[in-house]
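Structures for review follow.
The following pair of complexes shares a single chain, chain A, combined with chain B in the former and chain C in the latter.
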Partner chain A sequence: MNIIVCIKQVPDPEIPPARFQIDPEGKKVLPPEGVAPVISVFDERAVEVALRLKDKHQAKVTVITIGPPAAKKAVRYALSMGADTGIHVQQDMVEEPDSFESAHILARAIEKAGEYSLILCGRQAADWDAGQVGSIIAENLGIPVLTVARKVDLIDGKWRVESVIQDGYRIMQTPMPALVTVSSEIGLPRLPTGIGIIKATKAKIIEWSLNDIGADLSGIRRSEILKLYIPVREAKCHIVEADTVPEAAQKLALRLREVKII
Partner chain B sequence: MIAESKGVMICAELVVNGGLAAISMELLGVGRNLADNLGEELSVLLMGSEIGPSLSLEAIACGADRVYVADNPLLSLYNSDVYTEVAAKVCRQVKPSIMLLGQTDMGRDIAPRLAARIGGGLAMDCIDLSIDHETGLMLQTRPVFGGNARAVMVTPTARPQMATIRPKTMPPIGRDETRQGDVVSVEASMEESVIKTEIIEIVQEEVTGVKLEEADIIVTGGRGIGSAEGFEIIRELSQVLGGAVGATRAACDEGMAPAPIQVGQTGKIVSPNLYIAIALSGAVQHLAGCSGSKHIVAINTDPEAYIFKVAEFGIIGNYKEVLPPLIEKCRELLAQ
Partner chain C sequence: MEISREAFWNIQYGRPVYLGMLLLLPICYSIYRRYRLWSLGKPVEKLEKGRLGSFITGAAKILIHKRLLGIGSIPSSPKELYAGIMHALIFAGMLLLLLVTLLLAVHEDFVPFMHGVPYLIISFLGELGGIFAFAGLVMAVIRRYIRKPERLDNTLDDSLTLVLLLLLIITGFVIEGLRISATIPAPPWERWSFVGFALAEIFGLEKVSLLRWHKWIWWLHVGIFYGTVIYLCFSFPKLFHIIVSPINIFFCSLRPKGALAPIANIEDAETFGASDIDDFTWKQLLDLDACTNCGRCQDSCPAYISGKTLSPKRVIRDMKVRMEERGSKQSVKSPALAGEIIKDDDIWSCTTCRSCQEVCPVFVEHVDKIVEMRRNLTMTQSRMPEAVQLMVGNLFSRGHPWTGAQYMRLKGDWMDGLELNILGKEKNIDTLLWVGCTGALADRNADVTRSLVKILQSAGVDFTVMGAEEPCCGDPARRIGFEILFAEQVQQNIEIFHKHNVKRIITACPHCFNTIKNEYRQFGGDFEVLHHSQLLARLLRDGKLKITGGERRRRVTYHDSCYLGRYNDIYYEPRDILSHLPRIETVEMPRFGQRALCCGGGGGRIWMEEPVGTKINRIRTEEAFKTGSEVVVTACPFCLQMFDEGIRAKELDKDLKVMDLVELVETSMAVSGEEIQKRRETG
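Moving on to the complex of A and B:
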């Protein structure tokens, strides 16, 4: 059984807000100096789901990413967790691809990679937070899609997926092949092992160009960014002070009542 | 494509007992606004089973010019395959220039599938939508990079221009019983082969008290709370205020609070009227989940904590000393 996981490398979302900077002209986020980019949190969990299925049912796990040469690091990380094969689709567009372009490229790469029973994606990438690529890939490939999974299992040859909803979850079943997007409720991803790291360092990552996979992006793009900005936080914090802590607390309650917040 | 498309359509959501969900009113509000700016019609797509006429009248009273009713027993329970199919069918027929959904379990699920199928361009989780008067395009403002930045996006040529809206960020318009509108019944049948996914069970997890997403007031504890017992007093404050309890990822990871109440980029995204942030520093990924709150109050021992930069009111102090008198005073004020 082949499982494909689509992953993306993103700027580390754990940086303190003060270090977050953008280039408003270029409508780009400037990578913080000295902080290495990481595999997007939900994608890391998608790799974890694939590896759990591999542990239980035996499967070959292939990870695919699109991006500049540095994005290969994310692939190596997934390999060090236990994935079997890594594919890097070189993407050197001036502008980042939009969701439809990314989905188009990934769908072509998935088709070139061969047969599959399951495609896993993170529910959204932790950079642009678009949350569309997985579903569009499924529509492009004409396969069922189940989103925001907290559990994925294989029962009687069908995918059994628990999907997170507001007050709980829905248990659904769908035939192979299918695409599932993974949420953080799946649980913590495993850490790379020593052997995994050695294997990943030595592993040969398959490199494809857009031409290699027959991806033609003309007319695919549907969204444009007009403006990128950092919202001005208007809040000037009013620190409530008093001689004693209980007095300050009471003052705060009164103040909130005064301005009709409570 | 552009020339043919006209009008604003919203995809309404129903609640279990059959009424229009709060998000539907918000969609009607922003939809009305966009339609008026364009001088075009606002229509509503109602999908369900045995939809009574009162729902259509309600939608008209809340801003709709036209209601498309897709009624089919297959629509009684939400199924992504079925809903996507029906919504796509109606969109192909009506050809709206703008199509809006909620950033909800349903909207988040079908919007990208629908966009892919009907050729639309989509911006998810928008917090503001308006019309650019020069180009007539819909400007879609959405938080990106975990809420650190905002992007204004457009869909230049693909139609419809689609967006999902974050709950509680766009106000409904006033109800007007005298408003007139049409109700059109649309064909909602489909080949059974389109239904690939089967719903086995819907599991409702027990939520005690107010739901996070619906709460007007949320009291959230961070790592600094220190223990699961420490969350008791957080809960007490939330109860006194009639609100819900939230927790940061750190607090959940360390077992102080259950994962379903996590607020942040990888948890729930909330926009209450009042957000009380206690013993949490204000990491990027946490603010991503609560920066839409109208008023933020911070309680923290560290005056340098980032949360004070986004809060409106703050107390520098240990929550164990601040909360008991705060709870007492709130109780007293609210009893008046």
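Moving on to the complex of A and C:
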């Protein structure tokens, strides 16, 4: 059984909001200086799901990423977690691909990678939060898609997936092959083991160009950024003054009612 | 009549006693049996460079009872002195008695020399030996059965050992007394054997009738001695430490105290660290046999003191039991040592403060064993507390160990408003100020970094910083057992240092300091590393810092950081700095210097929860508070954080605050930021 995981390297979401910078003219996010990009949190969990399935059912796990040469670091990290093969599709475009372009490239790469029983993606990338790539890949490949999984099981040759919905989850089942997007409810991803790190250091990552996988992007892009800006948020601080605690509580409650919070 | 005596005298057939020498064979066999157990461990070089010297210093340490009497330790501890004197008396006494007996044998059967004064001196020495040993043994009985310190467990072996030795000494004195009694005419010179003579006076002088008694008790005495030796051979009791502990001291680690051993050929390894006995080195197993269960380690262990289940003594003892088990039945595989016999919680409770090792009289090395087991848990089994997992994840993705709102800043943010040379841009400066992750990321610690920068600048020290590009030094990864991450990080760092021709590194963090100074060498990085306390002490001595008056008279207490003190013997410099500051009165906490209690933050503990027992930092905060000081002075970013939390949790913030040494120096300095600016403008 082959499982393919699509991962993306994103700017570290833990950088302080004040340090987040964009170029409104070029409609681009400026990578923060001195902070290394990280593997997107949901994608890391997608790798974890693949590895849990591998532990249980014996599978070969392949991770694929698109991006500049530095993105290989994310692949290597997934390999050190326990993935078997890493593929890096070099992205030589000036503009960052939109969801349709990314999905197109990934679908072509997946086809080139060969047979698969399951494709896993994060529910969304932690940078643009579009949450579309997974579904578009499935459409591209003509396979079923189940989104926002909190659990993925293989039961009687079918994928049984618990999808997070408001107030709970629903259980769905789909035949192989299928695409599942993974949510953080799946639990903490594992850390690389010592042996994993050594293997990953020695492993050779497969490098493909867009030509290699036969990706032709003309006419694929369907979205355009009209304006990129950081919303301005204002916060006002009102200190409730009182001599005693009960009095303060009372005043606070009145104030909250005044502004219609309670 | 000549002043001398015959050795056997009343004992006609005494010479077969020499046959007892044959008992050396079972002793050797016994050592061999233990050696086979040690050989379960991995071989490491036994006679590396400097080993010969360590034999000599080891012997000296044993002779002067360095650890037991606390010679050279700061502070000496009266509490420990009782046990130290007790052991020294028994040790010196037995050694003297053995020597005297040996000389007597030489005199009798080889070179007769004990006539006149030499005889008197040797008799007197023997007498002293007996008195010393007796006094020591009585002290031991009082300690073990009347005072009963918690750290001692009383086994049958302990009682048997004391009884046998006491009987040996008592019968020795009695036969001496009987011999003097039964000698006719009474030899007046035997007054030099003062105890024997006193006993003889009690028995009555010139009493031939006592000859029979003398004979019987003589044989009893010999019987007890050989009985003790036979006991020694066949049950490997505590007394065997006479043989094994010196061997252990001779083979003690020659690495700097602060350096853990690297994993050799890590890239070819399949498993990491120690999951069971055979994963340790033979020396680490020798440690287990050298241990005498004295319990000093347990008494000084912050984890044990604060109510955790970890006891360094128990770790060693449990490992020893496991070693014997593995030695007798090779097939015993489960349960594993790491995680089952020694519980995960215990392995993670260690703060690596090294106080157990600092007090161990036989130089058992506990910390590296704990770290070996951590290596197995983290790298092979991938099993660690969630907090550690988070921290390792951060090291992987962000290159520093911190998470959380407080640390939502970038590594170079602390530099705002300071004029600094960045490494790589300034070619002619070979001194690097290594800030460390905590000093760069945590708000409170960044204040310390900025103080240090201002002081260095005002003293005219040229240095560069790495700013936003500064990675982790590797210490957190190594202490929690993630050696691969450590090795990778260190190699990268050394490459950067070499590339930019860094020769000297100054740091405010004792953990960075220890790793860069003592452990980078294992990877080919040899730099002059200075902790800020060393540098500031030097600058003060040279008059490079202008100290005026402090704001007002203040009482302060200094908390020794483990990685500065016990790891690197830096006790003096911080105190020297404090003594240079006007209007500062320094008082010590009851536990200071080598005996200082850890703040609870070392060994990766600062990133972990502490749900069991009392929090270590609260205990230490209480100790600082009780000195009546208004400031507890630290020289370590972790200690600073631990005290900060302790003070707030105990609601002592009105009376006590925590400051780094450099902050205190800065408040006493004449030069303000503006003046530095002015000075720079005028060139």
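What we mean here is this: the second predicted complex is superposed on the first by the 247 of 262 C-alpha atoms of A that agree within 3 Å, B and C clash if a C-alpha of one lies under 4 Å from a C-alpha of the other, contacts with A are read in each partner's own complex, and residues count from 1 in each chain.
By our rule, contacts are C-beta pairs under 8 Å (C-beta built on N, C-alpha and C of every residue); 3 or more make two chains touch, one makes a residue touch a chain.
Remember, predicted model here, so these are calculated numbers, not experimental data.
Under the clash rule set out above, the superposition-derived model of chain A with chain B and chain C shows the two partners fitting side by side.
Within the superposed three-chain model, A:Val35 lies in touch with chain C and out of touch with chain B [touch as defined at top].
In the superposition on chain A, contact of A:Arg190 is made with chain C only, not with chain B.
Of the two partners chain B and chain C, it is B that touches the larger number of chain A residues. In the superposition on chain A, A:Gly131 makes contact with chain B only, while chain C stays out of contact range. In the superposition on chain A, A:Ala70 makes contact with neither chain B nor chain C. Between the C-alpha centres of chain B and chain C, as viewed from that of chain A after superposition on chain A, lies an angle of 120 degrees, to the nearest 10.
When the two structures are aligned on the shared chain, A:Leu228 is found in touch with chain B, with no touch to chain C.
By the touch criterion stated above, A:Arg170 is placed in contact with chain B alone, chain C being left untouched.
When both complexes are overlaid on chain A, the residue A:Ile198 reaches chain C alone and has no touch with chain B. Once chain A of one complex is fitted onto chain A of the other, the partner contacts of A:Cys237 are limited to chain B, with no touch recorded for chain C. With chain A used as the common frame, chain B approaches chain C to a shortest CA-CA distance of 6 Å.
Common to the chain B-facing and chain C-facing surfaces of chain A are residues 14-16, 188. Note for the complex: chain C touches chain A at residues 266-267, 269-272, 375, 378-382, 384, 386, 389, 392-393, 396-399, 403, 408-412, 467-469, 482-485.
The residues of chain B lying in touch with chain A in their complex are 80-81, 104-105, 108-109, 111-113, 115-117, 120-125, 139, 142-146, 148-158, 196-205, 207, 211, 213, 217, 241, 253, 259, 265-267, 273-274, 282-285, 287, 291, 295-298, 303, 306, 308-318, 321-326, 328-330, 333-334. Across the complex, chain A meets chain C through its residues 12, 14-16, 19, 32-36, 38-39, 77, 188, 190-195, 197-198, 201-202.
Interface residues of chain A, counted against chain B in their complex, comprise 11, 13-18, 20, 22, 27, 29, 41-42, 99-100, 103, 124, 126-132, 134-136, 138-140, 144-148, 160, 162, 165-175, 178, 183-185, 188, 222-231, 233, 235-240, 245-250, 252-257, 261-262.
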